[in-house]
Amino acid sequence: MKKIIVVSLFFIVSLSMSGCNEEKTELQVAAAASLTDAMKEIKTVYEKEHDVDLSFNFAGSGKLAQQIQQGAPVDVFVSANEDWMDRLEQESLIETDTKEDVVGNELVLIAKKGSNFNYSSMEDIDKTELDDIAIGMPESVPAGAYTKQTLQATEQWDDLEDLFIYAKDVRQVLTYVESGNADVGFVYESDAETSDQVEVLATADSVNIDSIVYPGGVTASSTNKSEAEAFLTFLQTEEVQDVLDKYGFVSR
Amino acid sequence: MLQVAICKQLSHFTLDVELTANNEIIALAGPSGSGKTTILEAIAGLTKLDEGSIVVHHRSFVAKGKSLVPVQQRNVGYVFQDYALFPHKTVWENIAYGMKRTSFAKQMMEDVGIHHLKNQYPHEISGGEKQRTALIRAFAIEPDVLLLDEPFAALDEQTKTTSYAQLLQLHEKWQIPIVLVSHNQEEVKHLASRIYMIQNGKVYDVSDNT
Amino acid sequence: MSETNLFPLWLSLRTASISTVIVFIVGIAIAYIMARRTFFGKNALEAFFLLPLVLPPTVVGFGLLYLFGKNGLIGRALAYLFDFQIVFTWYGALIAAIVVSFPLMYQSATAAFGQYDKNIENAALTMGKSRWHVFWTISFPLAWPGLLAGVVLAFARGLGEFGATLMLAGYIPGQTDTIPMAIYFAVEAGDMDKAKYWVILIVILGFAAIYWLNWWSTKRMMKHRR
């Protein structure tokens, strides 16, 4: 559905443009859903300074990667997950030399605001106080995979496993915690930032997990490679990193 | 003995009628949409009234607009316009559904000549046979009043003549008030001892004018 | 598949069957009453019944989560009265299946009860039979073909339900994973063999159910009426 909307929007835009004389370059950016709010702000800034139109397609990184595999017209891909980026690179769908880490994130433990859990680190989690813990499905949700990694490092995974409710995405984890159906949940810090009904209890210790990065790259099929690369470079600037920081990401 | 004095607000007019029938056949005539069927439904207990009373053999079905006896306990035989036979039941099952006595029902089937159809389904028999099945089904409950809503309208002339004779015969045996709704002047004159004309929600006794 | 875990099959069959039975009874009762009564707000109520048909399943799931969840109106009442939890249990899958398949049964039943002459029932009533008796001997048999169509749709919808189920029951392998959930997570995890296995199974299941019910209903219909 989202794809249809994006495609039809693209169609409408190109129709309205065909009447104009000066043709603006249009960049198709496929970005991980967690970047939605930040990217909207970045778009405004970028379009003011450059003669380029940015069109975004926000979805889960896996879905976006699959769309690129199927030949979707994408110039820039920003993934929330290195695996998918690597897979596209191996299939020569991404220009290797353009690949760059855009921003980082952190895994946090959240609870509904006003809850009485006093866990200042993951090790403090007390099983006897909890009924349900919401996590992303480790096999398909990157945040879930990191959750598994950190809890395995602290040897809590097996102990807590029977409390887990597996969600199909981070949004669902948030909903479970916001509605009080799960006592605590694991999400990225930038996700926790989007909800004013949850609070961050603890942050995963960086020694326990691989660093969480959002790699970006220009697709091999892009017809606007130089503009695409320019946009990726722009994402590295302090100006943009400050915006990302504001939305809970970890600037590089 | 049937006494009806009822008042009911319909969509375009108010039905305000009064009629009585001894153990005779009375006819209700009038244009379509004049409320004839509504009167039958009121007697049977299938529609609510605003005001009025209905008395059958000194039993009050309705008093001051309130129903005192539910439809199931009124013992009113009703032959609907399209007969409303149970399509998934045989002729015999239709008649047996509410009958009081098997022997009586079987005798009546013999009398009108539908006994041989007892294992047929309604869609397998002719219009005249359907009409007779519906009539016997209504008689089989051994009713105190019989209501007939244009029972002969769909029949050809030949069949009508037979059906008239059968109705008169049954009435003679089973002396009860019968209310016949009909458009057909000939039919009404032939069958009914009293004729009521309904117009603009009012009823007029026109027996003598014809 | 190395480990043949048949739990999702068993759970899907259980939720779809039980929800179909419940939806069948409740759907018929409500449709029968609605077809024969007029009252203020009837249309609004009818629209409400059909709402799950137009809302995206995840939205339905979201609503159910807030109703049956630990802090939800019904969820809290059940926990307080019976110490019973719906969210994150297979009952969540059952509730989701009931809610999404109800409109299909209701629609079919309403149509089924509206398609024959009402005087057929009235005739039976004048013959001294109770409404209950008339319902079982007249209304129900006459509406049966349409009701059966509703059963087929409700069962198929219950079997395929995913969005609302995932929200309300959560994904807990061995407890709440129905076939559609198993398929979804297998696809997401890139386990295509597992996904194919379940897809083939649910296709066979859905096809067999619809085929059997259709075959049965035509057979019954031939027996009765044209």
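Labels A, B and C are assigned to the chains in the order they are written; within every chain, residues are numbered from 1.
In this text, contacts are C-beta pairs under 8 Å (C-beta built on N, C-alpha and C of every residue); 3 or more make two chains touch, one makes a residue touch a chain.
A quick note: this is a predicted structure, and the numbers were derived from the prediction, not measured.
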Original post:
Which chain's centre, taken as the mean of its Cα atoms, is farthest from the centre of chain C?
Top reply: B
Original post:
Just by CA atoms, which chain is the most central one?
Top reply: C
Original post:
Whole-Å distance, chain A centre to chain B centre, using C-alpha means?
Top reply: 77
Original post:
Cα centroid separation between chain B and chain C, in whole Å?
Top reply: 44
Original post:
Quick one: chain A and chain C, Cα centre-to-centre, how many Å?
Top reply: 37
Original post:
Which residues of chain C touch chain A in their complex?
Top reply: 62, 65-66, 69-72, 87-88, 166-167, 170-173, 184-185, 188-191
Original post:
Which of the residues in chain B come into contact with chain C in the complex?
Top reply: 44-46, 71-78, 80-82, 84-88, 97-98, 121, 123, 137-138, 141
Original post:
Once bound in the complex, which stretches of chain C touch chain B?
Top reply: 116-117, 119-120, 122-130, 137-138, 141-142, 224-226
Subject >> Interfacial residue positions of chain A with respect to chain C in the complex >> reply: 62, 132, 134, 137, 139-141, 164-168, 172, 175-176, 179-181
